[in-house]
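Listed next: structures, encoded as structure tokens.
The two complexes that follow have chain A in common; it is paired with chain B in the first and with chain C in the second.
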Partner chain A sequence: MSNSLMLDELLRMVRRFGRVPAHVNLLPSSRLVEDLAIDSLDLVGIIVKVQDDYGVIIEDDDVTSLRSIADLAEYVAARFDSSAAA
Partner chain B sequence: MPGTLNLRKGIIRFILPALRTMPPRVGSRFLDWVGRTKYACANTIKSSYDEAVTRGGDLLGCCWDVPEVSQGLAGNIVRWRTRDLLLDGRPTQSIRPLFEVMGRENLDNAIEAGNGVILLGNHFGAHLLPAHWLYRERYPLRLYMERPRHVSKFMMSHFDDDGPLGQKKLFISRRGDACDAASSILRAARAIRSGLIMHLAGDVRWSGPHAATARFLGASYTFSTTWLSLAGMTGAAIVPVFCGVSPDGGYRLEFSEAFHIPPEESRRESTAPWVQRVLDEIEGRIRLDPMNSNDYFFWNSTEGQAA
Partner chain C sequence: MTERILVVGHSAITCLGSDTDSTWAGLLAGKSGIRRHPALSADRYLQDIAGMVEGIGPGTAGEDPAVSRLSARSIHFAVASAREAWSDAGLAGKDFDRDRVAVVIGSAFGGQDLLESEQQRSLTRKSLSMSPYLIPALVINQAAGQVAQLFDLHGPSVAPSNACATGVHSIALAAMFLRMGEADLAIAGGTESAFTPAIVNGFATMKALLGRRSTDRSADDPSQASRPFSADRAGFVMSEGAGTVILATESAARRLGLRVQAEYLGHSINTDGFHMAMPHGATIEKCLRQVLTRCGLTPEDIDYYNAHGTSTIVNDRVETQAIKTIFGPHSTRMPISSVKGAIGHSLGAASAIEAVICLRVLRDQIIPPTINYVADPELDLDYVPNQARSTRVDTVMSASFGFGGTNNAILMKRWVDE
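Entry: the complex of A and B
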């Protein structure tokens, strides 16, 4: 899967599971909490969905460093590639 | 609550070490006597208790003997404030007879079922004693709550495990942001799935996404729904636990029958009835045993903020 395709999917996922209103412009640099006001419950929903769809494990300790959609995409891409290679 | 802070400090510093040299029931009855005496001797405390108990009785439709309930409540509040400190430094063999345990099979069966267990506590009675007993009996327990203070060294010895699913990382804070909260919930869910018993309370006033509005003792508050989120994520059995203090200083530890939350009912729009069910059960206990209601009658509308 290309990184741009994954990023598009993640943007859609964040909008849906983060319940981001349609009028809010989503960018890779958008910060999940600070810019999009996603709360912890929806953040859990996004992470569970990402883990299920991409078959990757997002470590609990790493969640606090995933501040933006780009951070999330980079994190998932690195693990998705390595799990695909294995 | 009137006059408790200085009293607790005084008791912890000066009296408890002496009480620990006595049989636990004797020590507990002494603490009860301290609370009752303070109620009887201090008019402001007496009137504060009497007003609170009268109000509570009216709200619950109960015709209590107000001075009797107030005095018993004042005694139990001193016991409650000293947490499990009276049991520190005693061998488990001497602790065991203090507990009258009911429904242990409900907990054991839920563990055996293998889908994880959420032990749903509350602040009724001796609220930290279930954890103390479970540690003593070597159950694989984790607390999912703010780190309790003023507890026994025995209990604290279980708090510093900082492994991936260790207790240290499972204590929660009202100060964290949404990422911290999400990280914490995912960790707790993983701990439940790994077979650890996750102990948290169903009557914690909270705000933010993990909260639902419910009525308790005639007022509306928002309460934590984290236990419902965890149940929905893991499919774990929920085992309610109550622990009352008996007049003789023993503890009545009761594990109720386990229940499950359908995943769709753990969503935020569906949680309020479940929260209300738990609070109704606590109100039922208060009706029957108001002397174990601790500070419920003294609640104000102050609520914590959380991510």
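Entry: the complex of A and C
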């Protein structure tokens, strides 16, 4: 999977599971909490969904450093297990 | 004197229809909502004949965005039913104290369906994480919590869990909040969706649920699986759904100009203290007698008895005997029916749905039949077999009994505008 394809998927995932309204423009640089106001429970929902879909484990200690969608994409790309992809 | 409690709204969501009108029309037409469901596959389920609600719930076209994160079907049914009842009551735009509205919505099993799917998912997951929405959806009071959130209500909210008697226990508890002066209005009912292997197979292994049998009349025609009071009844048929009523004190109903649908006369709730699952005739009789006494009525005052009538060998026999004991000579004249023949047994939702059906009986003066009925010489009362019956109905009794030995009976009366 190319990084741009993954980024597109993550953008869609963040919009859906973070319940980001349609009028809000989503960019790779969009910060999940500060810019998108995603609540803490939905944020965990996104993390679990990413873990399920990409077969990665996102460590609790790392979550705080994943501030933007681009951060998330970079983290997943480095650990992505293609055998787990849907 | 304590003021009267009135019913001002209602809703039933069943396997016969995703709203009250379609359920009621199906019941009066003698239709069944029971069929085979490929989702209940033979490699995982001991029975695939069931009553399922279509078009409502997580992942359906009709998914309610208000509860999209809480993927327990019981929560979605409760919210859909509350929306219909709220609309039926005409409460939108009314000026009332939102701190004085109670929400009492119970369930026997809550979000077991979500627990099952999350456990299956966790088998393939590398981490031990669970959906962050699992716990919020699993707590049985979340249905009440979501209904309160939806309508911005801040009075007491509780979630009774009393097996197959849950729905009317909830309604009775709501009436108590009103009688105690702790609320002016209440949304009350039961909700259920518990089609998991553990629960279906658990009921089947107990022989409470109708099993898969090639010689049973359901083998060729699944709609004949649930047959309360019939000679060849062989267990209940599991279904799902939700039932909701909206109660108001008489003063609140009058002040808000609400359309009164019936008077809630009273209830009786008691406990067998006898067995984990078997009904106990003597305590059920006490329950039926007590509600009559409390409401100052005689057996002859009851024009229709809406039965628990599960289609199990034991329940239908014990309930028939209890009716004979309490109603005496009137028991042979009083129409009795069980809608579980048509809509199966939706466990914690069932009695709330049946209360809603009683409201329609009072409104339309017609009794839905006990379908699939074949006479049992041992059970010789008038079960309104197979065909709806138009008759004068001023006062109804509805009763239900649950595992754990919990029983209830309620009385409701036709409302004539004064």
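The rule is simple: the second predicted complex is superposed on the first by the 80 of 86 C-alpha atoms of A that agree within 3 Å, B and C clash if a C-alpha of one lies under 4 Å from a C-alpha of the other, contacts with A are read in each partner's own complex, and residues count from 1 in each chain.
Keep this in mind: a contact is a pair of C-beta atoms (placed from the backbone, for glycine too) under 8 Å apart; a residue touches a chain by one contact, two chains touch by 3 or more.
Source: prediction; values computed, not measured.
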item: Clash or fit, chain B versus chain C on superposed chain A; value: clash
item: Touching partner for A:L26 - first (chain B), second (chain C), both, neither; value: neither
item: First, second, both or neither for A:V44, with chain B first and chain C second; value: both
item: Which superposed partner A:M6 touches (first chain B, second chain C, both, neither); value: neither
item: Which superposed partner A:A70 touches (first chain B, second chain C, both, neither); value: neither
item: Chain B versus chain C as contact partner of A:V56, first or second or both or neither; value: second
item: Per-residue contact with chain A, leading partner among chain C and chain B; value: B
item: Clash-bearing segment of chain C relative to chain B, given 131-139, 167-175 or 275-283; value: 131-139
item: Contacts on chain A seen with chain B and repeated with chain C across the two complexes; value: 41-42, 44, 47-48, 58
item: In the complex with chain C, residue positions of chain A that touch it; value: 41-42, 44-45, 47-48, 51-52, 55-58, 84
item: Of chain B, residues touching chain A in the complex; value: 164, 169, 177-187, 190, 208-210, 229, 233, 268, 307
item: Parts of chain A lying in touch with chain B, wherever the complex brings them together; value: 32-33, 38-44, 47-48, 58, 60-61, 63-64, 66-67
item: Interfacial residue positions of chain C with respect to chain A in the complex; value: 69, 121, 125-127, 129-133, 136
